[in-house]
Amino acid sequence: MRTSSHLVYLIALPLFSSALLLLLGRIADKWGHLLATLVSASTFGIGVSEFVAMHSHTGANRAATQKLFEWISVGNLKVDASLLLDQLSICFVLLITGVGTLIHIYSIAYMDHDKDRRRFFAYLNFFIAAMLLLVLGDSYLNLYVGWEGVGLASYLLIGFWNQNPVYAVAAKKAFVANRVGDLGLSLAIMISFAQFGTVSFTGVKAGAPHASPAALTAIGAMLLLAAAGKSAQFPLQSWLGDAMAGPTPVSALIHAATMVTAGVYLITRSNFIFDASSTARILVVSVGVITLLFGAIVGTAKDDIKKALAASTMSQIGYMILATGLGPVGYAFAIMHLLTHGFFKAGMFLGAGSVMHGMDDEVNMRKYGGLAKLMPITAVTFGLGYLAILGVPPFAGFYSKDKIIETAFNQGGGKGIILGGAALLGAMITAFYMTRVVVLTFAGARRWKDGSHPHESSVLMWGPMVILALGSVASGFLLSMGSSLVNWLQPVVNASNATGGKELMKPLVVSLLALAVVILGAGYAIVKYRTVPEIAPEQVSVFTKAARKDLYQDVFNNAVLVKPGTILTAGLVATDHNVIDGAVRFVGWVISEVSDVLRKIQNGYVRSYALTMLVGVFIGAVILWVVTA
Amino acid sequence: MNLLTLTIILPLVGVLALAVAPRENTKAIKLIALFTSVITLISSLLMLTKYKFGVSGFQLVTSHSWFKVFNINYAIGIDGLALVLILLTTVLVPIVIVGGWNESENGRWSVKTFYALILILETFMVGEFAATDVFLFYVIFEAMLIPVYFLIGGFGRGDRAAAALKFLLYSLFGGLLMLAAVIGIFVVSLHQGPGSFDVTTLSHLKISHNTQDWLFLGFFIAFAIKAPLFPFHTWLPGAARSATPGTSILVLGVLDKVGTYGMIRFCLTLFPEASKTFAPYIIVLSLFSIIYGAFLAIGQKDLNSLIAFTSISHFGFIILGIFAMTSQGITGATLYMVNHGFSTAALFLVGGWMIQRRKSSQIADFGGLQRITPVMAWCFFIAGMSALALPGLSSFVSEFLVLIGTFTRYPAAAVIGTVGIVLAALYVLILVQRALHGPLQEGNEDIPDLNRREKFAIAPVIIALVFLGFYPKPAIHIIDPMTSQVMAQASMSDPTPLAGK
Amino acid sequence: MLTSPALDYNLLAPILIILGGALLGVLVEGFVGRTYRARIQLVLALASVAVAFGWVVSIRADVSQSAAVDSVSIDGGGLFLQGTILVLAFVALLFFSQNDHFAPQASALPGSAEEAQALSAGVQMTEIYPLVLFAISGMLLFPVAHDLITLFVALEVLSIPLYIITGLARRRRLLSQEAALKYFLLGAYSSAFFLFGAAFLYGFSGSLSLGQIRTAAAAPGANHIFLFLGVLFISVGLLFKVGAVPFHSWTPDVYQGAPTPVTGFMAACTKVAAFGAMFRIFIVAFSSIQNDWRPVFVAISIVTMAGGAIAVIVQRDVKRTLAYSSITHAGFLLAGAIALSKAGLTSMMFYLVAYGFATIGAFGIVTLVRDSTGEVSDIDRWAGLAKKSPGVATAFALFLMSFGGIPLTAGFIAKFSIFTAVYATGNIAILVVGVLSSAIALFFYLRVVLIMFFKEPTDDTVTVAVPSFLVSSGIVICFVATLVLGVYPNLLFNLANTMTTLVP
Amino acid sequence: MDISNYLYLSVILFTIGALGVLIRRNAIVIFMCIELMLNASNLALVTFSRIHGNLDGQVASFFTMVVAACEVVVGLAIIVTIYRSRRSASVDDASLLKN
């Protein structure tokens, strides 16, 4: 493994510039956004050069490390602040910096009217830094720092307009849900340390074979919990919908393309744990399946375009998690879908942003309609992304998603059928709700007020959209050509011992099947939404009601966590005052009561004083007698 | 003269200077106090030049006979534990003086008295951590309460007299229990040779289990009240509500550390057997503190008492780490003492400024400050983040060390403790949301942002938080030898990894 | 041919000097005009005390049992206690110098015309000085007495004058007289017990000398009923003087009723004398049977510590408060005394000094806090005293801290050393109760401090009389002593430690 | 006649005195009870000196008488002052100092 001295700049540059922008304050308003974009672009440049450098090496030397300094060293716990760039992390570096840069550019225009634009870009840079640290850390602890860092960035960006209480609450919700996940990650770290005496990836990987299955399962479960928190997987998914409170570029970058996929990275990175524990894998695929259906169903009922896309994100990540649970062969496909999804979902979010921009920040799709004519570029780019997510050949999604469905089927036996079936069903529902989004937004009759004048956005905004659209067209093909990505990732996820499993069906069959269900779903949506009422109809199926309410996830959380928590808190506050402090006061009271009795005994009568003396003498005599006799 | 002694007496010199200063010229008085504290800081930093790093045992030791009949000495010296805490003290005092520049104005007594008390307190605090003679330690332990009593009662807010009295009574009660134990261990040493109060000598005594248990309890309860550990904590919120921000910082940031300091210095080293006996129960209590403190923090309506309860939760972590008796646990706990000092300082400083501006400590009265006072809001936010142990800020390192150190010996305890980090997120973010976010509350429109002096006061704290977060090595480097020595004296060793290769 | 018993006047001199001074005082009463009397008496008293003290210092190294034919034993412990009594008495006398504490004419009816006339004439009783001197002489004899008769005589010589001066308060005379009556009746009652006990000890041993009694008590197969009755009854007399529960009832009333300077004097000096005597009797005569009587005394010291501490909580009158705190201290001292060890004696002696200074100082300050009708001893009216006169408030706070045993005051060192001595004898119970009762008492002391420092002055506010030079110097002495002995106890403690010889 | 009877008598007298102090109200009478206790002690002393055949006890009893006399002087003085100012010698009336 070679050492590189440039890795640190990937993190240091954006971190520094964000700190600079925050510290300088208003002075930097003029050029803040430009600096941030420049920095982001330069990180992309570094990323590319590192990528090239990797190609120039072979075998183990592809991966590069850089030790910065000794961070924590206590007893046998030794953690260096050092970075690891290998085949897996480079994918993320390119995705983060690439998409990140595009979104920086986009935001220049999108946030133009906001007087706090500088702060926004500072946050964006901070996010880039944290996210890169997350994927570059060479130990779970370094990863953890980036992990919480992106959480903070997400919190700050969701709450960017925190003068609006709803947004502030959404930000808080996101942070807390993430913290629950972090709890899992920190526990995983502790278990690994207790097991292996180290928390570095290499160390844990080396130790994994010697550990007890129970321990491995525990670590796996905790890692999964962490992933669920960060990637909005069941049961910690509830925050993602509200997170759409943030500015749309944020939703595109953090809550679609990059941060929310950190969970997938974590599991892929920890492949040696999951390969060694089948139980953990079962958990992973279950979570994946549940979430991909969950998200898809929720998506069908959302009228808020961003919330609909958020639900779809949740569901697509469900696919990735599912893939990671399918054993060594799955990781590569998970990453592939992650990358393609990064393109098309980011693209669609930017599209949504451009639509909102044209519609005075209107998010309700029922108030859209027929925008294709007025926003051709947006419509086209969005459409390409749409085709990609549906998995229509030859668009990106086709390569990645079908592979996942296929692998799911190939698990064999009932498991294979269930997983594959669920994945197919998901694909169908996806087709339905995405079509619904497209139809409601771009097709059909105009439903917006006369007041608003939809218009195409500036080049700064549609430029990135176009690039991303191209990505959503080509990326899948490129990545899977000669299964390049699979081979590329092979050293990390050692898929060599990956048995594709005995094929249940020919890949072609699976693809046709998938295509069929997609057409089914899409067709139904087209039929169903020929006409759209401007106000969401009230009398709808229980199913739809549930979907609109996110399948009652918030209701559930409130009933099970928030309410009891509030009651408990109030109870404890009362306890502290009455019981614990009360006990002390009680002692005081008793003493003063006794004191009062003594005061009364001191009654001023000399004869009673004499009596007490005499009594004293008698008692003394008694004691003396008892002792001596 | 020994640098350590110098550091101890310098503030008293300042007190003398104050005594001759004109009562009316408050500016001069403040400057004298500030100057003194800075000089003290410098002399404490000079100790670093004399200090031999990576070496265990006491350094810069001096000893003069004080009370011959009982072989009591003015014996002082520093090891890693003492050094970091002394530095914390000497750093915080100037910050307190600058940060609370005007909090001495509307007290019951003169400004002069206020700063005299602060400086006397500094002497006591430094002396307390430097004392290697148990009797000397005890004397300062009690004596240092008096200036605090008058600081709270004389310059505080609200029901200050009662709060001061409650604080004093709790501590004195604990102190008396400790006195019994101090006498006890002295008598034990009498039976095993010439009686002594020297902590090193005492640590070599052979003490029967039963006796150890009682003496341990005597010390521990005193420290638990000080720390404060659930259920001995009820004095704290009142004190925090009534005290001036500066006093609160010194009480929670430094004074209470005497409790956790004593647990390491005396409980673990003098009574290892008893420590092992009681460790499980104490760990349960510390877990209670962590969770309980967090929940009560969530439930508070008053800013100061909220901060107080967060401290109770944090002290729970410290004590957890100490009695996990692993090198990560003890080092983490010690580091935690320092970091908690800084983060509490930040919280109380900014909180104090907010209260002073808003003329109210009710959280509900704030809101929307982010918009009008960005700098103050940011400082408060960073302080809050360090309270929830965000990675990159110093408290993360210590909290993580404590938890991981605990996990290797008591996994279940560590798991419960980890729940605390979620609750921490709750109480910090709820506070931030109510105080800083949302629409601007009426009455807050013309709240000014931090002025230069205040920025100057808060800056070093935040720098310390960030620096120690990214590069805790210097602190750990100082602390670690102490830890290994304590572990050795308690004949404890870290559990080995389960999955041996 | 007969040889008259030899008396070693050199060793007895301190006592004789005081007696001489007292007799001179009586003559002064008779022959000196009223105008100078007070001043002369004061000077005379102070002078004789000072000279006596000087003499004690000069003979500090001497040890003798035959100073007065085996009935007085001069030794380190005795001399140290005598010195203590003299020093404390000297300081206490400084507070007598204010001329408005004592009734102008004890015989005149309260509120009668002649009293008014005497008042207007500025008359004051100066007989108190000789009386105090007589009391002091008794106190000096008490701790060195070596046989029961001498003990009894000394007891009466120190008590009777106190009965009288207790009743001589200038204001609230009814209370003062009542205090005198109670003190007298109960005192006589207790000394009757003492005497009866002495009789039985004589009956047991056939001798009144402590030495003989010890040999008899140590001898096997003696009739122990008499012995134990004797021990018990003798103890009643002693415990009464030190004010130990349940023989304490007189203390609050008498302390409150008596003229404040007198209260300070007897609170401090009587305890020294009585504890000295007690320690001597028990270590010289009864040490061989200590296992028999110790339980009783452990019980007494426990109830005394706890009782005093608890009872003080609800008190509102400063003088009663100090009375109860003196009871608590009696408990601590008792614990030290019955340790019957060198450490016990040393710490007891140091404790007596520390306690004495703090007590005299505290009562001295009580004499200063007044309103139109005289001293104000209602605590609640001391509110905000610190604002009016910080110095006085601080001094009082320091004395309270010393009572409470806060470090850096003499009281702390005293308590610490006593506890150590007690613990060394393995008596944990006393230690625990002692610690707890200190905590309870502290609660009260701190409340007083709180009232003085943190409460706003009320409308019916009190004034602090400007103290005369003597008075203020008295307070300063007590203040300094309390502080210095707390910060640097070596000064006294080493001395005490070297002067613990007690001749058998 | 058995000499120990004198002891019994002295104990009885002492007890009578000790109880008398408790039950009588008049200060003078109480004081007389105390005198009775002192004399009981005297009787005991004399008896014991007879038993032991040395004179210490008898000497002591003389001391006691003198002391008792002194007490009488002071005691009566105090009682009389109280009586004069209160017109009552009942000790129960003198109970202003309490609690």
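Letters A, B, C and D mark the chains as written, and numbering starts fresh at 1 in each.
Methods note: a residue touches a chain if its C-beta (ideal position, glycine included) is under 8 Å from a C-beta of that chain, and two chains touch if they have at least 3 such contacts.
Predicted model, so just to flag it, every value in this text is computed and none were measured.
Student: When you check each chain against chain A and chain B, which touch both of them?
Tutor: Shared contacts of chain A and chain B: C.
Student: Count the touching C-beta pairs: is C-D or B-C ahead?
Tutor: C-D
Student: Taking every chain's C-alpha mean, which one sits closest to the mean of all protein C-alpha atoms?
Tutor: So the chain sitting closest to the middle is B.
Student: Distance-wise, how many Å sit between the C-alpha centres of chain B and chain D, to the nearest whole number?
Tutor: 66
Student: Taking the mean of the CA coordinates per chain, how far is chain C from chain D in Å?
Tutor: From the centre of chain C to the centre of chain D is 25 Å.
Student: Where the CA atoms of chain B average out and where those of chain C average out, how many Å apart are those spots?
Tutor: 45
Student: Whole-Å distance, chain A centre to chain D centre, using C-alpha means?
Tutor: Centres of chain A and chain D (C-alpha means) sit 97 Å apart.
Student: Provide the list of chain B residues touching at least two other chains, using ranges where the numbers run on.
Tutor: none
Student: What are the residues of chain A that contact at least two other chains?
Tutor: In chain A, the residues touching two or more other chains are 599, 602, 604, 606, 610.
Student: Would you mind listing the residues of chain D that make contact with two or more other chains?
Tutor: Residues 18, 21, 30, 91, 94-98 of chain D each touch two or more of the other chains.
Student: So which chains end up touching which?
Tutor: A-B, A-C, A-D, B-C, C-D
Student: For chain A, which residues are in contact with chain D within the complex?
Tutor: Chain A residues touching chain D: 599-600, 602-607, 610-611, 614.
Student: Would you pull the chain B residues touching chain C in the complex into a rising list?
Tutor: Where chain B meets chain C, its residues are 66-70, 108, 138-140, 142-143, 146, 150, 153-154, 160-161, 164-165, 168-169, 172-173, 176-177, 179-180, 183-184, 186-187, 190.
Student: Provide the residue numbers of chain D that touch chain C in the complex, in ascending order.
Tutor: Contact set of chain D toward chain C: 7, 10, 14, 17-18, 21, 27, 30-31, 34, 37-38, 40-42, 44-45, 47-49, 51-52, 54, 56-57, 59-60, 63-64, 67, 70-71, 74-75, 77-79, 81-82, 84-86, 91, 94-98.
Student: How about chain A: which of its residues touch chain B in the complex?
Tutor: By the definition above, chain A touches chain B via 22, 25, 69-77, 81, 141, 144-145, 147-149, 152, 159, 162-165, 168-169, 172, 175-176, 179-180, 182-183, 186-187, 189-191, 193-198, 206-207, 210-212, 215, 568-570, 572-573, 576, 580-581, 584.
Student: Using the touch definition from the top, list the residues of chain D that touch chain A in their complex.
Tutor: Where chain D meets chain A, its residues are 18, 21-23, 25, 30, 91-92, 94-99.
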